[in-house]
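In what follows, subunit A forms one complex with subunit B and a second complex with subunit C.
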Partner chain A sequence: MRPFTFERAKTPADAAAAAARHPDAKFIAGGTNLLDLMKLQIETPAHLIDVNGLGLEKIEATQEGGLRIGALVRNADLAAHHRVRRDYGVLSRALVAGASGQLRNMATTAGNLLQRTRCPYFYDTNQPCNKRLPGSGCGAIGGFSRPHAVIGVSDACIATHPSDMAVAMRVLDATVETINPDGSARKIPIAKLHCLPGDTPHIETVLMPGELITGVTLPKPVGGKHIYHKVRDRSSFAFALVSVAAIVQPDGTGRVALGGVAPKPWRVEEAEAELPRGAKVFTARLLAGARPTPENAFKLRLVERIVASVLAEAKGAQV
Partner chain B sequence: MKFDMPATTNPIDQLKVIGKATERIDGPLKTTGTAPYAYERHDVAVNQAYGYIVGAAVAKGRIESMDLTAAKAAPGVIAIVTAENAGQLDKGNLNTAKLLGGPAVDHYHQAIALVVAETFEQARSAAHLIHVDYERAKGAFDLAIAKNSSTPPKPGFGGPPDSAVGDFVGAFESAPFQFDATYTTPDQSHAMMEPHASIAAWNGDKLTVWTSNQMIAWSVGDMAKTLGIPKENVRLISPYVGGGFGGKLFLRADALLAALGARAANRPVKVALQRALMMNNTTHRPATIQRLRLGATKEGKLTAIAHESWSGDLPGGSPETAVSQTRLLYAGANRMTAMRLAVLDLPEGNAMRAPGEAPGMMALEIAMDEMAEKLGLDPIEFRILNDTQVAPDNPAKPPSSDPQSKAPEEKHYPHPPFSQRRLTECFRTGAERFGWNKRNPVPGKSREGHWLMGIGVAAAFRNNLVMKSAARVRLDNKGVVTVETDMTDIGTGSYTIIAQTAAEMMGVALHQVVVRLGDSDFPVSCGSGGQWGGNSSTSGVYAACMKLREAVAQKLGFDSTKAVFADGQVRDGGRSTPLAQAAGESGLVMEDAMEYGDLDKKYQQSTFGAHFVEVAVHASTGETRVRRMLAVCAAGRILNPKSARSQVIGAMTMGMGAALMEELTVDKRHGFFVNHDLAGYEVPVHADVPHQEVIFLDETDPISSPMKAKGVGELGICGVAAAIANAIYNATGVRVRDYPITLDKLIDRLPEVA
Partner chain C sequence: MHNPENAESPRGATDLTRREFLIAGTATVALTGCMGLGTKSATEMKPQQAAATRVSFHVNGKPCQLELDNRTTLLDALRERLHLTGSKKGCDQGQCGACTVMVGDRRVVSCLTLAVMHEGSLITTIEGLGTPEHLHPMQTAFVKHDGYQCGYCTPGQICSAVAMLREIKAGMPSHVTSDLTAQPKLTADELRERMSGNICRCGAYSNIAEAITEIAGRTA
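Right, the complex of A and B next:
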């Protein structure tokens, strides 16, 4: 771990401004991802700005009938919130499918969105990794790639975004709210938050230096059956091999986003028109252009099987 | 004391303390966090500095240059140890690769430097400033390829590499039913909770190391040898071990580098192996490729059995002895086994819980299930049909290749009877309790909602080893009995069964016994390994207590053959004297060891069991979730049913890991285990562990020791994974022969999702 200085910011604007003063600064929220990476010398900030005191831990109704989730709301609290459980079941289910109880008590909404990949080569500083050390190559391509992405990948990087929560937020059409060091605020649709790797896998989001996430808003509830189906190698405390977040309406229309298959939550709105035609047709559209490795090609078939199962479950629930 | 005749009635048979379900005497210390584990011994030496290990970044090659300038100048750094400045170092007898590499690098994450600093954080930060240039060499990392140039290994723990009885080839070719399949098991990691950790302090030329180690005497010897100092100058202290599973049988880098660091820093140094180094820096269970061939009559009698196994290791290493159990488990007149060892440049392989049998049973017991199906027989009936009371294949040790060897020729017994073998009873008892008759023998036919349900069975088998073990017992004038032995408690319950043994022998209450373990100043025990620890260490305590009883009887004027030790009294012919009276002011101390004759050659000593498992396989995703497990064990006298049960359910859980998720993934280009942390190397979590039940058959084995006990700690893992594999087959109709059975190996062969 590189030695660092530390400060506690008082307001969101202060935090963003402080980040602008220290080019090598990082915000720290729950610390459950950042600290691990610092101990392994993967993240080496020279300055930490603690954002836990910004008063961003509230969940409030919006005028539009949706919900505004503060950036510092803990994953455990968000999952347990009565409105989330009633109106945004897919989010609650995705959250409790992630990590462990202890971690969810610490992990925050913004931190979860910005958590970094679990690619084992990214985690081993002896290995090449374009994300950790741009230009050094990609260890996973041609190596161990079973957990890696099958779509949205590039020749530079095939890492997944590991979050469960973000997949549910993607299917809910959430909007990320931020504040910049100059005090200006902006709203970023979650679909636009994460970048595909291209030639620059170290650039993971559209956030500017010092830009602070202040909250996430969910639009008015859309009803339907909310399902989050996470598939992993053990029953709990494991990242998804594949996860499916779905909202299915009684008429068979709906929305589906995938986790564990891409560098960002994977959703293709145009493909959703095919949902009533069944899992095969829909999945073919959703995963068109996929570039799996021999080790993770099974994910394509797995997605189709889970989607089929999810659609069957949704239908069953309406009987 | 020598044990060379079967045990007759002795004080242990009273079973006042032994055999009773007893809570761990060290339990309160552990549950309150006050048991002193190695890294937390802040009290034992003042001014401890912190060491951080740098692991090699390549699998094979040479260090061309190492730039320590920045690290040396970093805040708090006291010393940096490398092969260049560590002085002349030998290699331990039980280490395959050097514990401090450089300039040659033998495997990935081999330690190449230790940074010692005032704080842990400073040591870690400085370690990252060391810049190393390597010259990479080509290595062999793929067992499937290296297998082609494998050779017969030297005979070792698992016996000679080859064995043959009758005419396998002829019998197999003429068998009406033949089965031939190849199985693979992956590299596995011990992945114990407590990493290897040590604090070392020098006092002149004397070294003391507080560490976490299963085999104190082995490691004292290897520490002395590596440093080139007399054994007498090395003291190891390891009273508590946070899991070992074979990973702490040997001197490892933490202990050696703590010693070297302390010498360089001129003050005590503590070192814990970083989690990220555990998988590649230490030992692991090697992967195997195993071919099984079975030939049988149409009635299901095995006439031909062949088991071949290939594994790899660094040059000078040893094989995974995966064919051992096949020599002993089932009858059959014509048989062959063979082990071959390939050179691999992966980290060194070595013992992990039930070495040999654990992966061997993973293959053999699927093969038996497959053959039963071929024969149209119930898998339990097929196994019972081929049960045997004599060892079918007990190859002789080849004569020593050392012409100077003074070892007397050992008499060889080609087909010794089993001292106890109740495999059939294990199956019958388990079948009844588990509801075996509810199993649909046709696979893929039972369903509960989304889940395909299946039941599977497998035999459990693990040899019983006996090892010389010594102890010292002291009686004081308050009647307190103190036992000292360098035996270790690796979470198994050694403290408690040793206390129970002393209490039974001396006729005192359990709380009147103090047990002190894991210190090389104490008499040399058998240590903890190979499931011999429970039986052998208590037998050593038995021997010492026998001596103490004689001394007490003599002091108090009793006939030691008639005196009864009970309730803190010594009694005979109407006279009763307090035991404590024999102690006098200075106490009474006796020491003895139990040594073994050739009963373990005249008789085959093994432990047996049957594993039953019910699984649910998700019809869409292929995820397997275990629902119920039962193990029935026949393993001699169970000294403490409570800790024995814990051993068996822990082993069943570990077997579940082997079946479903555990695999060190090899990067075959760069030669290292990629998933080297506990996020990447998955072991079962609580949610994976369902209802588990253990039944011990009531058994005593007078051939094994005066305790009439055997081991259970490894028996419990042997066969579990195959039982799960067989249950998955029963659930799905999909046979997977490559462990672990992850969903990607199933989904293509599962029915379409409706």
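Right, the complex of A and C next:
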């Protein structure tokens, strides 16, 4: 790990301002992703701003009947919150499908959204990777690409966004709230938070330098059946090959977002009109324009099958 | 298990049979605690000023003040500075659980958190759970059920299991909990899922599960 200076910020405004003072600064929350990457010198911040003391660990009801989740709420606490379990079950399910008990006790809401890809070439500093070292090439294209993305990819990068939580937040139409070093605040719909790689896979979100996430709001609950179905290489403590977050209403309408297939949680609102017509028709629309590799083309069939199983489960069938 | 921790035990490690050695390892003899720390070693290995920070926390009930290179993980601070070598370094990447300790009453992997992030924290390691004379019930159960072979994962398994039972009591759901709004029960599936963050290279899982089940039955 490279040496770095360290400070404990006291308020969100202080944290953002501190980041502006140190151009090479990073916020540290749970540390579970950042420290892993710092040990490998994939992340090399010169200054760390500890945001654990900002008082952002509350979950509160909003006036609109929704929920405001502080940026520092731990994944375990969010999954266990009574309102989340009752009204936003898909989020609770997605959270407990991720990582381990220990990691969920540490991982925060903001850190989870901003965690970086698990592409093995990104993690191996001996390999080319446009995300880690822009212009060095992409080891995964033409290499080992079984876990990689099948849609939203570019010729520069085919990495997935690894979060489970973010997929559920996408299906719930969450909004990310931030504060900038100049004190201004903004709200970013989760659909707009993550960028597709294009020619610049190292740019992963629309956040500006020093912009601090303060919380995430969920709109008022929409009812329906909440399902999160994650398929992975072992039954626990592994990242998704494919995951499906769904909210299905009794009349067969609903919303679906996918994890493990794209550089961001993948949802196509227009495709959802096809949901009552079944998994095949819907998945064809949802994954239109997919560009799988020979190694990960199986994900297209897998998505369709999981969606079919989720729709059957929503109807009450035993699956 | 060739750890210097036993060199500091009342009887040297050499006096122990392999079996006793493992039992001692389960409790991981706590002798030095935090006494006499921070002073000598801090001057010996004084880190670069700008890249060092003072931090105070409690480990196993004892207050500690350290000046640490910012890069020091909580695991390295416990092992290298406080000489509490019960917590093990398996992967250093959050993947194995051998470094599991409790911060407050929550289990965490100490390899993926910086020591300087723990100002004011109350940290419990395997050395603080029980002593060789007064083992924690979970330690006794691991001994009774042979919940280990080499013992390397054991301190992490035990810390994790103790905190895991509290999580169930607090009603926290898991991936295999069928009804999100009901109080979860400690079924075999729940136990395996909730302990999946602790890998045992020796594959002592079934005995580990038996040990935890016994204690769960007692505390439920």
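Methods note: the second predicted complex is superposed on the first by the 316 of 319 C-alpha atoms of A that agree within 3 Å, B and C clash if a C-alpha of one lies under 4 Å from a C-alpha of the other, contacts with A are read in each partner's own complex, and residues count from 1 in each chain.
We adopt the following convention: a residue touches a chain if its C-beta (ideal position, glycine included) is under 8 Å from a C-beta of that chain, and two chains touch if they have at least 3 such contacts.
All figures in this text were calculated on a predicted structure; none of them were measured in a lab.
Trainee: A:Asn52 contacts which: subunit B (first), subunit C (second), both, neither?
Mentor: After superposition on chain A, A:Asn52 lies in contact with subunit C alone.
Trainee: Let me test your reading of the model: by the given contact rule, A:Met1 touches which partner, first (subunit B), second (subunit C), both or neither?
Mentor: Both partners.
Trainee: Of the partners subunit B and subunit C, which touch A:Cys195 in the superposed model: first, second, both, neither?
Mentor: Neither partner.
Trainee: With the two complexes superposed on chain A, say which partner A:Gly142 touches: subunit B (first), subunit C (second), both, or neither.
Mentor: first
Trainee: Between subunit B and subunit C, whom does A:Ser236 touch in the aligned arrangement: first, second, both, or neither?
Mentor: both
Trainee: Just to be sure I read the superposition right, which of the two partners does A:Val206 touch: subunit B = first, subunit C = second, or both, or neither?
Mentor: A:Val206 sits against neither subunit B nor subunit C.
Trainee: Going by the contact rule set out at the top, does A:Ala271 touch subunit B (first), subunit C (second), both, or neither?
Mentor: In the superposition, A:Ala271 contacts neither subunit B nor subunit C.
Trainee: Is A:Val222 in contact with subunit B, with subunit C, with both, or with neither (first, second, both, neither)?
Mentor: Touch partners of A:Val222: none, neither subunit B nor subunit C.
Trainee: Using the superposition on chain A described above, determine whether A:Ser309 touches subunit B (first), subunit C (second), both, or neither.
Mentor: In the superposition, A:Ser309 touches subunit B alone.
Trainee: Based on the A-chain superposition described above, do subunit B and subunit C contact any of the same residues on subunit A, and if so which?
Mentor: On subunit A, the overlap between the subunit B and subunit C contacts is residues 1, 3, 39, 236-237.
Trainee: Residues of subunit B touching subunit A in their complex?
Mentor: Its residues touching subunit A are 57-58, 75, 121, 124-125, 128, 276, 450, 619-623, 625, 660-661, 665, 667, 669-670, 674-677, 679-680, 682, 684-688, 742-744, 747-748, 750, 753-754.
Trainee: For subunit A, which residues count as touching subunit C in their complex?
Mentor: 1, 3-6, 8, 28, 30-32, 35-36, 39, 48, 50, 52, 76, 79-80, 82, 85-86, 89, 92-93, 96-97, 99-103, 105-106, 236-237
Trainee: Can you list the residues on subunit A that touch subunit B in the complex?
Mentor: Within the complex, subunit A contacts subunit B at residues 1-3, 39-41, 118, 120-121, 123-127, 139, 142-144, 146, 229, 231-239, 241, 279, 298, 301-302, 305-306, 308-309, 312.
Trainee: Provide the residue numbers of subunit C that touch subunit A in the complex, in ascending order.
Mentor: Those residues of subunit C that touch subunit A are 48, 50-51, 53, 69-71, 73, 92-94, 97, 100, 106-109, 112-114, 116-117, 119, 160, 163-164, 167, 170-175, 177, 180-181, 192-198.
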